[in-house]
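Next come two complexes built around subunit A: one with subunit B, the other with subunit C.
Take a look at the complex of A and B:
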């Protein structure tokens, strides 16, 4: 039992939580009679997926993917999310150096210079990607959160319309009203 | 400009929506011209783009010039398949915009500024879904088009539309969330979001049998099937389309399900690759049998309906069965697969034509009952002609596109030995024949043939049709609505006549990826 617990539950704790949350959300969406409760279920369902994505970026002993620049430049602030990818591509871009460059290349070189020089002590020292959590899933989830908020907004607006038309938010009552109007 | 054509297709309706919001606040009448303008720009960009694809092969476009695959670098990739779908979306939405014209001083949904903003945003979303080559962007654009379509369904004057929209929201959100979850599993396994990047990793021998990829595929497929209304997951569709405002349903019915079938095809083709889907997975039998059930169920439920738009909704469910089944036939020449893509094109125009005709009838009669079409041919000959063309295409009568798509699909069915699928297609055609000839009979000859014993010669004019049915209360059809109807009917015939050319274009993209003839390049 303990072995099972340690090998299946503990290492995948986040994933178990996300599955359970998702099932709770789905249960509410399917069984609840009140439309607002259905929407609460929908929100839980979407949040569970966010938890899943956020868990993807986690690495053991890694820190947040922020670089401490020696030369504080405004332009680097937006580079943080891309940095992780530059790290992966480091080897292929090593040859890029200063000289006569196109705009895109200069931008590239600029960002890389930002990668190499700052981070703590050694300039030009290659950054080890294992030291940082993967920021990409988090960035994706920012979009998904916005989408979830928008969906909830539209759904609540539709609920308002339903309430205006039927005077209730209970699904069973709405269905009886529809049935009556079909027969009448 | 030609270099930028991939992004112009997507962005033109987006900017038009912005302008429609800004200008529409002061001058409501400017909304429709702006909509038309945006869509015409999109259409011309799509045509320019398609010519470029034919000349140069696949066109790749990187937003913002980030042309290194930085994980989330947004790429638009156009080949002949989605080039074609882009043109179809542009034409169908343009036809729908023409149909939406309402005379001044009426209180229709279509006179509303918000309607056109949502209309344009929906088009932008659909163009984006079709053009993108990035799995996560696909999700975002799916949500853009879904959110707008929820609103478009809910804004009608029918009270049941709101409940239908609510169910649509719940189902649609589950579908999109499943897709998102699938993309998460894919990202976990492959570390890529670009479709090509994913395909390269998925097809590597050590990843081939990965459980994570399998789970991802199941989630993505289920999500997309909910959105396409594939039979057991179709619950939201009939009510949503039947109780939506007329113009909304002429836009949503032809495009939403078809674009999501395209998404399924794109995922099979580009994200997992046909080798993985057909050879590694070998599920085609199961999926084709599911589609057989979908076709039969859709057709049989359609038989029981008394409302025109609801009946058409169930026919769409049967048509989705055609396309999903066709795509999974896995015959050697991939005729089923190509036939499914051709059917996306033809079915878009068929449903557009039928829903426009249904919309005109609704405005005339203020009710959807098929029985109210009694003697409609004499009152509205042009509308009936449109319905006739659409109906014949649904049945599959030769000069129309419906015949040729069924031809290719059946050929795929025979080649792969799926006799169940072939039989289901033929039964569904017969059911369609019964359905539409029932409508034609009511509309051409009137409901009560006993009272007019001489209905043999009332075929032409029948002046002695004295006890004419009660004159309908609604408005006469707008000339613009008739133009829209004739346009889509014309396209049904054109696509049918030029089916060889269209199949050739589709083959340009699909054939090199055919796993049964040679190993495709990874």
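Take a look at the complex of A and C:
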């Protein structure tokens, strides 16, 4: 049991959560009678997919996909005692996480990764892709959230229109009203 | 009841299939999974700085590499706002017997000095923060969509804490429709300008010719800011339009 837990649940935790959330949303969309509850289910479904994508972009020991600002050159130029202290602080800070590497470490990691891209070299700034989380899922989900807001807004507007027309948001009652008006 | 059982069976089968596939996915945080070690995201991480001078890779990918996507995303938002206004706003005036309920805001909502004063103090801060999120979107998490939503939320806060009428006095219907159009036009205007210089649509580099003291790479960074401002305008206006129409059933009077 413990072995199963450690090999199938823990490394894939994000996928389990997304499957469960997505099924909750789908169940609400299929079985709920109230249109607003269906919409809530749709939102849960969308959130599950957003979670899925964003969790795909996670890398161990990587930081957010924003480049570090280079103020090391400036501190080299000055070199006062206060500055040395500052540098010391900086270097101790640098050893904290694998996301923040010194230049030498960065170069080493780059060589180990074995990719020499002309662009990175030309900029004089070799970037190791393992340092930053994958930006692409973030961008895709940013737009997916926007589409989610747009669809939710339009759906709520349609719900208001339905309520104004039928006086109810229960699907079964709306269907009987439509059937009656068709027969009569 | 039968629907519930049928739905449960459908959900159970789908869920079982999805969990069956879970073991084939990459492990949590694996830097060498196909999605993370793929050519595209590696290219973005390694070359964004040289290509655009923008530290925030997400902003650069959003506004430059995937500029078409974002432009039509803005158009999606715009169309959603127009659709909501078409669904609710127009019909609200048609039926003469169906008069929308007219609240007297002062009677309906008790005036609360604590809420009112807090809101008055906090709204300028929220709006300033929204502008910061947009303007600083190159260097920190942020950008047009996020800043636009925050700015729109500040107007919604006014509408919630006092009433819809005082929010509409600051941001009238005519104004938010105009601003929504302006935002979408700013974005596509950047694309058109690049076309006029003989480059591809939304290939910002050529705009260095009309920007003061920039090279091709820096022009991309500046154009991204302009594009993000367009996105912000549209999102702000449409967020408030959605709220105003939904809360007042399209009458833009009374409201919650």
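Just so we're on the same page, the second predicted complex is superposed on the first by the 130 of 184 C-alpha atoms of A that agree within 3 Å, B and C clash if a C-alpha of one lies under 4 Å from a C-alpha of the other, contacts with A are read in each partner's own complex, and residues count from 1 in each chain.
Note that a contact is a pair of C-beta atoms (placed from the backbone, for glycine too) under 8 Å apart; a residue touches a chain by one contact, two chains touch by 3 or more.
Model, not experiment: these values are computed from the prediction.
**Student:** In the superposed arrangement, does A:56 touch subunit B (first), subunit C (second), both or neither?
**Tutor:** both
**Student:** Is A:45 contacted by the first partner subunit B, the second partner subunit C, both or neither?
**Tutor:** Touch partner of A:45: subunit B, not subunit C.
**Student:** Contact-wise, after the overlay, does A:12 reach subunit B, subunit C, both or neither (first, second, both, neither)?
**Tutor:** second
**Student:** Once chain A of both complexes is superposed, is A:158 in touch with subunit B (first), subunit C (second), both, or neither?
**Tutor:** both
**Student:** As a test of reading the superposition: which chain, subunit B or subunit C, is in touch with more residues of subunit A?
**Tutor:** Answer, by number of touched residues of subunit A: C.
**Student:** Which holds for A:31: it touches subunit B only (first), subunit C only (second), both, or neither?
**Tutor:** second
**Student:** Tell me which partner A:174 touches in the superposition: subunit B (first), subunit C (second), both or neither.
**Tutor:** The answer is first: A:174 touches subunit B but not subunit C.
**Student:** Considering only the touch criterion stated at the top, classify A:143 as touching first (subunit B), second (subunit C), both, or neither.
**Tutor:** both
**Student:** Indicate the residue numbers of subunit A shared between its subunit B interface and its subunit C interface, in ascending order.
**Tutor:** Comparing the two interfaces on subunit A, one with subunit B and one with subunit C, the shared residues are 26, 56, 136-137, 139, 143, 147, 150-151, 154, 157-158, 161.
**Student:** Which residues of subunit B touch subunit A in the complex?
**Tutor:** Within the complex, subunit B touches subunit A at residues 65, 67-68, 70-72, 136, 139-140, 143, 147, 150-151, 154, 159-160, 162-163, 165-166, 169-170, 173-174, 177, 180-181, 184, 187-188.
**Student:** Within their complex, state which residues of subunit A touch subunit B.
**Tutor:** 26, 29, 35, 38, 42, 45-46, 49, 52-53, 56, 82, 84-85, 89, 104, 108, 136-137, 139-140, 143-144, 147, 150-151, 154-155, 157-159, 161-162, 165-166, 174, 178
**Student:** If you look only at subunit A, which of its residues touch subunit C in the complex?
**Tutor:** Contact set of subunit A toward subunit C: 8, 10-16, 19-20, 22-23, 26-27, 30-31, 55-62, 64-69, 115, 117, 119-120, 122-123, 125, 127, 129-132, 134-139, 142-143, 145-147, 149-151, 153-154, 156-158, 160-161, 164.
**Student:** For the complex, give me every residue of subunit C touching subunit A.
**Tutor:** 3-4, 6-8, 10-11, 14-15, 18-19, 22-23, 25-31, 33, 35-37, 40-42, 44-51, 55-58, 61-62, 66, 69-70, 73, 76-77, 79-81, 83-84, 87-88, 91, 98, 139-141, 143, 145, 235, 239, 242, 245-246, 249-250
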